[in-house]
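You will see two complexes here that share subunit A, one where it goes with subunit B and one where it goes with subunit C.
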Partner chain A sequence: MRVTCNQDDLHKALGTAGRAVAAKSTMPVLGNYLLEAADAHLTVSATNLEIGISCTIPATVDKPGRVTLQARVLNELVANLSAPTVELRQEQNPLTVLVEAGHSRAHLRGIDPDEFPRPTATLSDEPALRLDPSALRDAIAQVVFAAASDDSRPILAGVQFEARDSIVQMAAADGFRMSLRTLPLDEEVRQPLSIIIPARAMSELQRVLADITEPVELRVTPNASQIVITGPAVAFISRLIDGAFPDLKQVVPRQWNTRTVILREQLLDATRRATIFARSSNDVVKLEICPADSGLDMGRVTISANAADTGDNRDDVDAQVEGGEMQIAFNGRFLHDVLSVIRSTSVALELQGPNSAGVIRPVDSDDFTHVIMPMVIGS
Partner chain B sequence: MNEWAANSNWPLVGHAEASAAVRAAIVQDRIPHAWLITGPEGVGRTTLALLIAQALNCERQREQRPCGTCDSCKRIAARNHPDVLVADMAWQHTMVGSGSGERAKVRQRFSIDAIRWLRGDIVMRPIQGRWKVQILDDAGLFSHDAPDAFLKVLEEPPPYAVLILVAESVDQAPETIRSRCRHIALGLVSAAEIVSALRHRGVDAEQATQLAQIARGRVGWVFDALHQPDLLLQRRVALETAFEHLTTPLGRAAITGVIAGSHAKKRDDTYTLLAHWVGMWRDALLLQVGLGDALHYPELGARLADWSARFDVPTIVDALAATQRCLHDLDTNVQARIALQAMVTRWPS
Partner chain C sequence: MNEQQHNRWIIHADLDAFFAAVAVLERPELAGLPVLVGGSPTGRGVVSSASYEARAFGVRSAMPMAQALRLCPHAIVTGVSSARIRDLSQRFQGILRDYSPLVEVVSVDEAYLDASGSERLFGGAEHIASEIKRRVRAELGLVVSLGVATNRLVAKIASELDKPDGLRVVLPGQEAATLAPLPVGSVPGIGPKTAARLRHYGLATLGELAAAPESLLALVAGEDAAHLRRLARGEDERPIRGERDARKSIGHERTFARDRRGLAELEAPLFALCQETGMALRRKGLAGQTVCLKLRYNDFTTITRQLALSQPTDAHQQIFAAARALLSGALHERAAPVRLIGVRVSNLAQPALQLGLFDDRLQRTRRLNAALDQLAERSGGPVVTPARYVRPAKNLEVDQ
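Coming up: the complex of A and B.
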């Protein structure tokens, strides 16, 4: 292999693909990048067997070939090169690569590229879905945090991803909260799709999508073992979780006794302040909802927290309240998480009673639903 | 098994019966989701587990599996296959950490974190092969609460998953786990089979016989010794040391002095020595009753015979019992010096 490319391009590609390098593994080759040079392109790939990321950059290829090089070393080296172009050249010993930039020369020793896991099986030409990267990113942000972070229920550590008619629906839950998000598509889905993507992979995908502006294509391998998302110069692969995801739509309460519409920023700020005090009391944040006394007044939500050894705090926020008075307590962190990912100015909080799940939605759209279980408060 | 062996690559030495059982399962495509392979260390337990993984994921036709030559088979042999995981203590140390200091010592068993990791991994479908295989190499070493966590996977394994547990004996696995596995018991490999395997690999008859005799049925040790001649040398040095301690008054003084003194720091060394002494007294007994061809230490044979000729059978039996008693005493935390002294005083001189 002999290839020349722009230092900045290479640095960026290594950074993006580097998200998939295995931090720990018993297979040494997973700590390496796979570099493949062909057809005026250099492709940098990495995988930790759960996800894989490939980035392609333009390059002058004098001799095609493939090598693997230690990710950490190559990444640091390229980051610290000052010349605008970098040449990578396989030495006499095919496992050694000379990296040359300006007056700087370095020899890197790699591992046989045949040890690198084979890329995924051949995929269909026609993608299952085409998605707008920034819309997909927003949608991921609104569900991924609700997935379970411990390993005790592996299926809940994933995000359910369903596509049919002309919408995508994503869902995640960890037993205490759940997020449901729909994403409209420009075209009809040819083949309905229902898969579970690991939440960790979704978070990485979110990062990868940040650099992409053109629509991305989504494909699933024929045996439904992996999902492949490709953009103009990047491919993202994730393994899929096998199993039956609980039907979360059934869990969403259909009625409410008190519905509160409140400015999102104000509620979020009040929640932030309350969590400071809630920290040492299991994150319990109390909400007291009071309807307006007359048609001329606003209703009010009082957000409060207290801890025996720290102190206490209260915030009053104006709100439109329909229905009767209500007191309920939520985990402050959960409340904070959901309020931070909603984009609309106002949110609606729909409650049945102090011991029933609460629903939070944006008021200007019906594409997002979040459900939080309440915490029990002593009388 | 032979017909199959002719078509496929089955480098397992001995264990015809076990091989036939595995073959039947694969040829009939009735794959148990959980296997329990038991037997002493070094008889080929992990080799068999890897062979099962190869046969399941081999890219050739069913009759030729495992071929040993396709990409999948080669990756599995090199432990480099994305769908076949060999989880052992080294793996656990890398993947979930073993802590440091005191904690590291405790973690000589599969921790609950490791089992949770495996559970999170098994729900992901295989990438390259048809089957996802997890080999738990020493499943006798579950920590206190790990079996329960593992049971969930065994109860409802995903359709593509195969779990292979490797253990020293069937008693090591809790009943709840045992009852959910297809059990394959491996015994020691006969000397004749080891000799024939070695001859097949081009080792000359004399060396093959010698190695087979030393191996005591642990074929893994023979192959290690073939590739690392140092092992044979180390064994020789260890034996000479043990023999010297056994047969000379100064050596015996060292047992109750230096060795007893350093036992706290070098426990494993003491146990190795004791195991050798047990073996030597056993050999002495065999020589007395004229069974010289079944010796553990054939290379010491003549010298051991000369030295032990003056003891009668009951004396040797008593010395053997004393040595075993010492092993037991050390296990139950009797003070090393006292246990070793008690042993040496019962040895005839």
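Coming up: the complex of A and C.
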């Protein structure tokens, strides 16, 4: 292999693919990049067996070929090269690569590329779903945080991804809260889809999408074991979680007794302050919702927290309240998480009672629903 | 009164028919009516609180709801929001804390306050008590009964004497005389069984108990004789424990009359200890996040093993699950005969239970335990135990 490319292009490609490098693995080759030069392109790939990322950059290929090189070393080296172009050249020993840029020369020892697991699944002409990268990224952000962060129930560590008619619906739930987001598509879905993507993979995809402007295509392998998302110069692949996601219809409450419309920023700020005090008392943040005394007044939400050793804190925020007064407690972190990902100026908080699921949604659109279970204080 | 001699002033404050009063606050149209708060009358629910209008018909708390409704058929059965209970309880404690830093909260509707020294600021313990009464009515819309005395035992009894809306002061030196006419069972610390035994020997009142000959008392109560006599005289030196030095852990242990070995012989007594510990936590409105198991082997080596839970619990089922896992692990390390087993829950806080989206097991456990506690309160001890953990005959055990 002998290939020359732009230093900046290579640096970016290494950064993006680097997200899939296995931090520690029993397979040393997973700590390496696979570099493939062919047809005026250099492709950089990495995989940790759960996800794989490949980036393709333009290059002058004098001699096609494949090598693997230690990810951390190559990444740092390229980041610190000052010349505009970089040449990678396989030495006489095919496992050694000379990296040359300006007056800088380095030799890197690699591992046999045949040991590298192919990150890209064999794709037939499966129907693809075309998605806008920034819309997909927003949708992932509103959902992925609600997934379970441990693997005690593997299904809940995933994001349910469904496509039918001309809508994509994504959902995640860690057992205490659930985020549900719909995303309209420009075209009808040819083949309905229902898969569960690991939340960790979704978080990485979210970051990869940040650098992409043109639509991406999403395909599922024929055996439904992997998902492949391809952009102009990037391929992202993830394994899928096998199993049935909990029934979401059961989870979203159909009615409310108190509905509060409140400025999102104000509620978020008050929650932030309460969380400081809630830290040492299981993150319990209390909401006290009072309707207006008369039609002319505003209602009020009091957000409070207390810690036996630290002190306490109360915030009053004006709100429009329909229905009766209500006192309910939530995990302050959960409240903070959801209020941080909603974009609208005002949110609606729909509550049935202190022991029932609450719903938080933006008031200006119906594409997002968050269900959050309360905490019960006292016995 | 002589301040040199009697420098301790304890106030016991007890909200009258608290849950029923809260029900009336929530539904003002119920004022003046017989109100019962508690379980369903069709099931096996019991009365957890009855308004004084209902009590006039003979209804008592912990009575089966069906029986209560036979006594008082037009009573209104209702529920109260636990958030409201919690809020009023905290505001009640807040009022008490305005008068002394030493407030020991016994339960949602009951607390002791050490007013020693505070009287210089606020003008006399009786004045403080009447201020508390006035403010509880004005600020919370509730009625509180108060007992003022030189120790917590007498203060507690005094608060009962003029209920509802009572305020009784027992002056220094009047403790024994105030208690004398009362039945022996009215002292906390003398349970129904001991009371029956005392009555059997002709000791029906606290006065009779206080004056009983040493030999008779030794016969009736054995080692407890001196303790019983102190109770009957209204002597009590226990301090009021403020928030800071509140108990850091709650637990129980038991020494066996004969050594036991293996999980099969130990899990039944362990369950009973967890049951007692869970009940004690729930009674105090606390939950703990660390479960500690203590084992003393027959060679007197003692080990402790502990486990942190994902969230604080007051459910004996969860405490037992953790304790049993610890026991199993400890016996795996060393399977020698065991002479003492104990369980202790620490890292105590107000219970805060995160409810689940997909299962309501935690909430069902909570409701189950509330019902079990009511049954236990009626019978003076846990009555429902899973068959496999039923304790063997009690005379095999020596409690410590």
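As a working rule, the second predicted complex is superposed on the first by the 371 of 379 C-alpha atoms of A that agree within 3 Å, B and C clash if a C-alpha of one lies under 4 Å from a C-alpha of the other, contacts with A are read in each partner's own complex, and residues count from 1 in each chain.
Please note the rule applied: contacts are C-beta pairs under 8 Å (C-beta built on N, C-alpha and C of every residue); 3 or more make two chains touch, one makes a residue touch a chain.
All of these numbers come straight from a predicted model, not from anything done at the bench.
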(message) Given the alignment on subunit A, is it a clash or a fit between subunit B and subunit C?
(response) fit
(request) Measure off the angle at the C-alpha centre of subunit A toward the C-alpha centres of subunit B and subunit C in the combined model, and quote it in steps of 10°. (result) 80
(request) Using the touch definition from the top, say if A:Q320 reaches subunit B (first), subunit C (second), both or neither. (result) neither
(message) I'd like to know which partner A:S340 touches here: subunit B for first, subunit C for second, both or neither.
(response) neither
(message) Per the contact definition in the header, classify A:A329: touching subunit B only (first), subunit C only (second), both, or neither.
(response) second
(message) Once chain A of both complexes is superposed, is A:P117 in touch with subunit B (first), subunit C (second), both, or neither?
(response) first
(message) Applying the document's definition of touch, where does A:T302 land relative to subunit B and subunit C: first, second, both, or neither?
(response) neither
(message) Contact-wise, after the overlay, does A:T96 reach subunit B, subunit C, both or neither (first, second, both, neither)?
(response) neither
(request) Would you check which partner chain A:S225 touches, where first means subunit B only, second means subunit C only, and both and neither mean what they say? (result) first
(request) Based on the superposed arrangement, let me know which partner A:S25 touches: subunit B (first), subunit C (second), both, or neither? (result) first
(message) How many Å separate the nearest C-alpha atoms of subunit B and subunit C in the overlaid structures?
(response) 7
(message) So in the complex, the part of subunit B that touches subunit A is made up of which residues?
(response) 71, 75, 78-80, 82, 86, 90-91, 94-95, 116-117, 119-120, 122-128, 158-160
(message) Could you list, by residue number, the parts of subunit C that touch subunit A in their complex?
(response) 81-87, 108, 243, 281-282, 285, 287, 311-312, 314, 349-358, 363, 366, 369-370
(request) Name, in rising order, each residue of subunit A that touches subunit C in their complex. (result) 173, 175-178, 246, 251, 281-282, 284, 308, 327-329, 331, 354-355, 357, 371, 373-379
(message) Can you tell me which positions in subunit A touch subunit B when the two form their complex?
(response) 24-27, 29, 49-50, 115, 117-118, 120, 150-152, 154-155, 157, 198, 223-226, 239-243
